[in-house]
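Residue numbering begins at 1 within each chain, and the chains themselves are lettered A, B, C and D in the order written.
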């Protein structure tokens, strides 16, 4: 479906993560190993927080990431402590900028890998469940953006894990009403610019892959020679659809039905399950 | 806002109408004279009926028409008896293919110049009024496509003038409910591949310009030397946002609050007014 | 590198060949089996001859073919007796329309799969060898277009096989002067709208794959039940980078160092070798 | 033809100059007042120097600037002490990223408004005059990029005013050899990231408009209430194709046949004339 990456930590040039690693996200746009498709060429997006504003910049385009010069220029000159990047393989909705991730609402960003099964049939009922005051802010036609607006409707800005659980519950109930057995498949990342939440869940308990990077201090003791590890803070963390390389001990699978929080201080990991909205 | 053109008659190469006239639609993309904006550079579309299928081909793209090579190639090699062409000046919705005209549903094509005032506020209520079975076929985010799906919901395929009148009534009522004084501004063309309807209406009775071409036999007697007029049938008719040139006697304004029908046999013109849906 | 397809025969809708076969060219844009890369997502083009003009229409765009709506619309409504289609995997030059195949000069079309090795170093010397009167008609920056203009310079319009042989000789000599051991890798199709030539050659004698379809009357006796084979003339012929499906007996490899001519009457196949320009 | 803007001074968000002024460059993309065309919709580009690298970032795209979301995002989040921005109205060459300004070579950036008259005829001779080692770095097909590579060939990196004068001389001589009376029309900006040179010249002595901003300290005394003027350093300077607004005393025409240097310390202005290469 898609591949994504979320970074939080020492401010770095985006290219350090997007282009430099052996199996970088850009490499995954042509040669994904763990996805349903090897090619993720239906658009891309990058969103980053900077020093000047609370709201992130979001740059998205409809061509493949592997040949995009502008993405390369931005990644080579923009430094950020918190950014998202996403490459898209459409599950049917049009290839257009408004369907590319990440999606933004005020300070918040959201990106998704997966799908709502039978979305064509469910779309109207889900749209009706969106807060009428938010409805007209939906710019595109994807299930992913709909999930974001449902989560916003259900309290994302106050309680992200609770709102995502209620969104998942609503999608599953709506799906079941329309005879869809396994309505939801998702790995989701969401952030307000300070904290970062990542979710792995699917109705069928066969979720798309998701990995988080090992604590930097542990990696330093495993690989004392890697200069890069001495340039980033202990708090630096990456969450990715698939590992960016083969560094032993660097990557850990997020368990099925789990969400994690990357934040100042200790990060956390908890069980995730949909709840009735 | 936008400019459009509808042709019905002797099969001709699209370029004869799109590129050749002095003040062709392509010229209007840079230098419109009668529009709110002189520039219509936010995408374009062309839809034509061919010999092989009932459904029209629809080609749309997001760049300006004036520099589009593909449009020029198609126009230079495709011959059709009935085609629509549209150049867009966005009134706020994104520049993407799914927001370009003409819109298609089965055999039907629809294009629009104008706007629903306060659309951002009205959008949800209007969407709810669309037939649930059609809702998920809405691909873009424009007021124009919404008007098409409302008209389809309200009987376009059986009674086009009646359905458009009910659509206009619904839009006005919804607008008034939201405090919009003059909700609708439209010139619309719609066709099923056999007949062609064109509407000029606005809540404020200050509608965008619309013209239809004089009967070919009349033009022949006015301009006996124009070879072109001897190559096209008596039934040939053009409807345009603004005249394609200065040929005396060639263009007639569609009156305010009027619709016309181009069809085999005599064409017709009638008064148009919204009705309660 | 790339994949291409050339059709000559009974006028058909382009989609019959571009989209309908199991392993169609559009399928090959995501899942090529015999290419250096499985993905050919760096633009596409289609060129066809119609009833109105000697010069072909050429439509090209920079996105992947698999998600392009306009290509699908054109293919579903345009009928032609002779057309080219090409999907691109860039070997380094920019993804832009002027670098997409087929290339056109007057009535002539040219498309290519392969590369000139070390083109960056050879480019200037090759450009100098182009007829000064043609130099400024070069619109893009690919080796493929350069090969076309060299062949035009060396007599393509009078003697296509001879001109291509001289072009190949010139490229090899220029390459050797710059220390490139195996300068040329090519399968090329070229047509004037009446006849069609296809070449398979590489300096290293390891050319990209190329296939031609079996004579229609032979296919009919092999597969008497296939209705499609009764709708096309005996003269119908396809040349493709890789077979469009698994029909037994349908596809034959063009031998290494060979060119074929598809023409009214008997088609031909001859040995091909570069000659001194 | 085109419009451009060069900024040097206190690091600011690009949007402060690109979007905020009344008659900003983005406004000029739709409503230029002093250009040959009012519309500059054939692509755009922005290039900026950042804190991390000597080479500037260059982002360019082929749609109109007025509707480009990515440009708006970048301009709203990138801060730079030295940047170029350009909106294009093509004089015939294709609308593609490689034809958009600014052009970059190592640390250097170049942008141009104007044209080489008869460029189609002169193109080959000019290309031959480019240093063979630079020839293959030419990515697009514009006269503007050719001028840049000729200037690089003729010593731009050592002596910018001298190299531009020699380039202008070469273009004029080549034009005259081909019977072009007035070969060159240009306003050009070029920078190495530290200093900035701007040239106004045309063979006919009727050059496109060019303006530079008044010294900040003078503006402060003229407009003591303008807070903005207290936030920028005395060294801040803008050079623009046409004024960004109506502030009395803010803009000064660059005289015909003149170049200016913006640099640490006193800026300079000198007469400019082509010299034999």
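In this section, a residue touches a chain if its C-beta (ideal position, glycine included) is under 8 Å from a C-beta of that chain, and two chains touch if they have at least 3 such contacts.
Owing to the predicted nature of the structure, the values given are computational and were not obtained by experimental measurement.
A.B. asks: Name the chain pair with more contacting C-beta pairs, choosing from A-B and A-D.
C.D. replies: Counting C-beta pairs in contact, A-D comes out ahead.
A.B. asks: Once subunit B is fitted to subunit C on CA atoms, what angle does the rotation have, in steps of 5 degrees?
C.D. replies: 180
A.B. asks: Centroid of subunit A to centroid of subunit D, CA atoms only: how many Å?
C.D. replies: For subunit A versus subunit D, the centre distance works out to 39 Å.
A.B. asks: At least two other chains touched by the same residue of subunit D: list those residues.
C.D. replies: 69, 94, 97
A.B. asks: For subunit D, which residues count as touching subunit B in their complex?
C.D. replies: It is residues 30, 37-39, 41-42, 62-64, 67, 69, 90, 94-95 of subunit D that touch subunit B.
A.B. asks: For subunit C, which residues count as touching subunit D in their complex?
C.D. replies: Per the touch definition, subunit C meets subunit D at residues 94, 96-98, 120-121, 123-124, 127-128, 132, 135-136, 138-141.
A.B. asks: Which bits of subunit D are touching subunit A when the two form their complex?
C.D. replies: On the subunit D side, the touching residues are 13, 48, 50-53, 56-61, 69-70, 73-74, 76-79, 97.
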